[in-house]
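After the structure tokens below, expect a handful of questions from me.
Chains: A, B and C, in written order; residue numbering restarts at 1 for each.
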Amino acid sequence: MDIGKFLQYIASGTAYTLGVVCVALPAGLIFGVIFAIIFVYGGKLLGRFMQFYSTVMRGIPPIVLLFILYFIMSGNINLSPFWAGSISLGIISSAYQMEIVRGAIQSVSGGQMMAARAIGMSKMQAIRYIILPQTLRLAIPPWSNEAAIVIKDSSLVYALGVPEILRRAQLISASTQQPFLAYITAAVIYFLLVFITNRLLDRLENRLRIPSNP
Amino acid sequence: MTNTILTVKNLTKKYGRNIVFENISLNVNEGDTIVIIGPSGTGKSTLLRCINLLTKPDAGQIWLDEQEITAKDTDEDQVRQHIGMVFQNFLLFNHLTALENVKLGLLRVKKLDKDAAEAKAMQELERVGLSDRANHYPGQLSGGQQQRVAIARALAMDPRVMLFDEPTSALDPELIGEVLEVMRNLALSGMTMLVVTHEMGFAREVADRIVFMEKGSIVEEGSPDELFYRPKFERTREFLWKITELYGKKEKEA
Amino acid sequence: MQDWATLLKRFFSEFMVGAGVTLELTAVGLAIGLVLGLGLALARAYGPFWLRSLAIGYIELFRGTPLLVQLFLIYYGLPSLGITLSQSLSAYLALGFNSAAYQAEYLRGAIISIGDSQMTAGRAIGLSRWQTIRFIILPQALRLVIPAWSNEPISLLKTTAVVFLIAVQDLMAKAKRAATITYNPIGSYIAVAVIYLVMVFVLNAFLKWLERKARIPGFEMDAHKA
């Protein structure tokens, strides 16, 4: 098999990998932000519940959670492994993203909330116009890290049969007896994905930086 | 006949068993500038924060004009539109320019349209002398400039009364003057103000009344002349001595 | 849900064996990672340009690619180059090499924190560079790094769960077996999830204890520097 077809076969798995990431990461973000807001502003009982959720979801290996969620989902709804896997990864990521956003919210000083209330804003308005804009900027570096993790964890859905990069590498290594080359190729593609994502987020962070002359 | 804008009656605040202040009563008339002085930690800041309902008092009542704002079903957000507050640490919104800081309340709380909000915001910035810094971020402004923007932000809401919580305590000495100047002009223009400060010069020149608080209660209250030259209580005289010495000014007793 | 408790009871001894393997994988991976990671950290902190670059390259590669790919590369890929390793050895190496990249960053942060001043002090009393590193800087760095570093054992414990995909008989492998026998995948994996949670909890408690013991009063690293 010529090298071109070889590379192309593995590379076409990138579409699936990106697909998984593009479902999991945003899902994790939306729920992570909601959970973080509930944690910080939702009162004692809800706060405790969110803490419990976070501890459990982050204390179990992602692959175990992936399997549990996958079997629960495919048992009850007719979902393809791609969707079941992506959504599961999203749920897992939401716990980690909740911690990131929570940390960022809490490092925006409490004084900002006080100043917002002092001009007559409601709590919700303060969160929306004052706290979150500052939080999101603070959260970019750790979030960049989480994005890299989700890209790498997307390889776990290989075990569910999704034809993403790793699965393709495995299939072609079997048919061409070139496992080393296959897996190196896969590694290079993942590396590029992570590298590019991190660089883009660095750029974003610089764009959004608030000017200051110390 | 001057009307009373703010009435505080028997206000008490505790944290657990620690009494911050107890049975504080105070009347503020329209146009008054009241300066509250006293040793640190005597609850002066907490008192201010109770007045605009950022902190809930444990007992007592507060009236703003005719409305009892400590009543159960008060819309606190609404009330805070009519009470302006300036903080020791400025607390400008870091992610917004000076103009945006002042504009925000007008846009989102008072729901003005964009042009009206912008016009009014620029007006207030001019009032504090910072219209040329409208597009600067807080990180690009000096402490004194930040505090002046904070004052503009509070004034933009057209409050009935302005509360100042040690507005110059976090400033480098050479920046204090510009802020006190703005406050002086504000007082002269007839704004009703309640100021917690250590700036005795300001107190003597601008205050209509000075309130001396210590250990959670009001020791004495009166005009600047009365408190500085004819204080009724030894403690008042002691405190004023200490603090004016601290600020390098010697005062002779009458 | 799905009777995980009864499953847990039924397969308890098997699960315990699997958990033992998991802990062993964690320990070996951690140890390899520590030694290699320390080497990488020292290379980055004190090495000549080419060594620093190699270290950075290694770290970027192992942090920028999935563990699963690294694992498959070692177990399935190397044989075609003539190097055939057992499942266990492949797992140990993959976990160790991977962990080294992360530990290197923690350790480097601590070494930098201790800083040039300690190096200057050591040289000033006549110690060589190496001696200063060995007797002055490292002892402090290794104690200072513990709070930040304690993320790694826990992270590694969770990471080991994927090695069952090359048939290493860890806890996940036992879960899979239970799932096949009972036709109850959800219950099996939940049972095992509970065991992982317990292991993480205990490990966490142990690390906190270690942290307290190792703390030098008045001398803590700002968490952000790590």
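By definition in this document, a contact is a pair of C-beta atoms (placed from the backbone, for glycine too) under 8 Å apart; a residue touches a chain by one contact, two chains touch by 3 or more.
The shown structure was predicted, so the numbers you read here are calculated from the model rather than taken from an experiment.
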(request) Make each chain a node and each touching pair an edge, then name the shape: line, ring, star, complete, other. (result) line
(request) Could you name the chain whose Cα mean is nearest to the mean of all protein Cα atoms here? (result) A
(message) Taking the mean of the CA coordinates per chain, how far is chain A from chain C in Å?
(response) 22
(message) Nearest whole angstrom, what separates the Cα centre of chain B from the Cα centre of chain C?
(response) 55
(request) Between chain A and chain B, tell me the centre distance in angstrom, where each centre is the average of that chain's C-alpha atoms. (result) 46
(message) Going by the contact rule set out above, which residues of chain A touch chain C in the complex?
(response) 56, 59-65, 67-68, 71-72, 75, 148, 152-156, 158-159, 166, 169-170, 173, 177-180, 182-184, 186-187, 190-191, 194-195
(message) Help me check something: in the complex, which residues belonging to chain A touch chain B?
(response) 109, 111-112, 114-122, 125, 129-130, 133-134, 137, 210-214
(message) List the residues on chain C that touch chain A in their complex, please.
(response) 60-61, 63-70, 72-73, 76-81, 157-162, 165, 172, 175, 185-186, 189-190, 192-193, 196-197, 200-201
(message) For a test of understanding, state which residues of chain B touch chain A in their complex under the given definition.
(response) 52, 54, 77-81, 84-85, 87, 89, 91-95, 104-105, 108-109, 137-140, 150, 153-154, 157
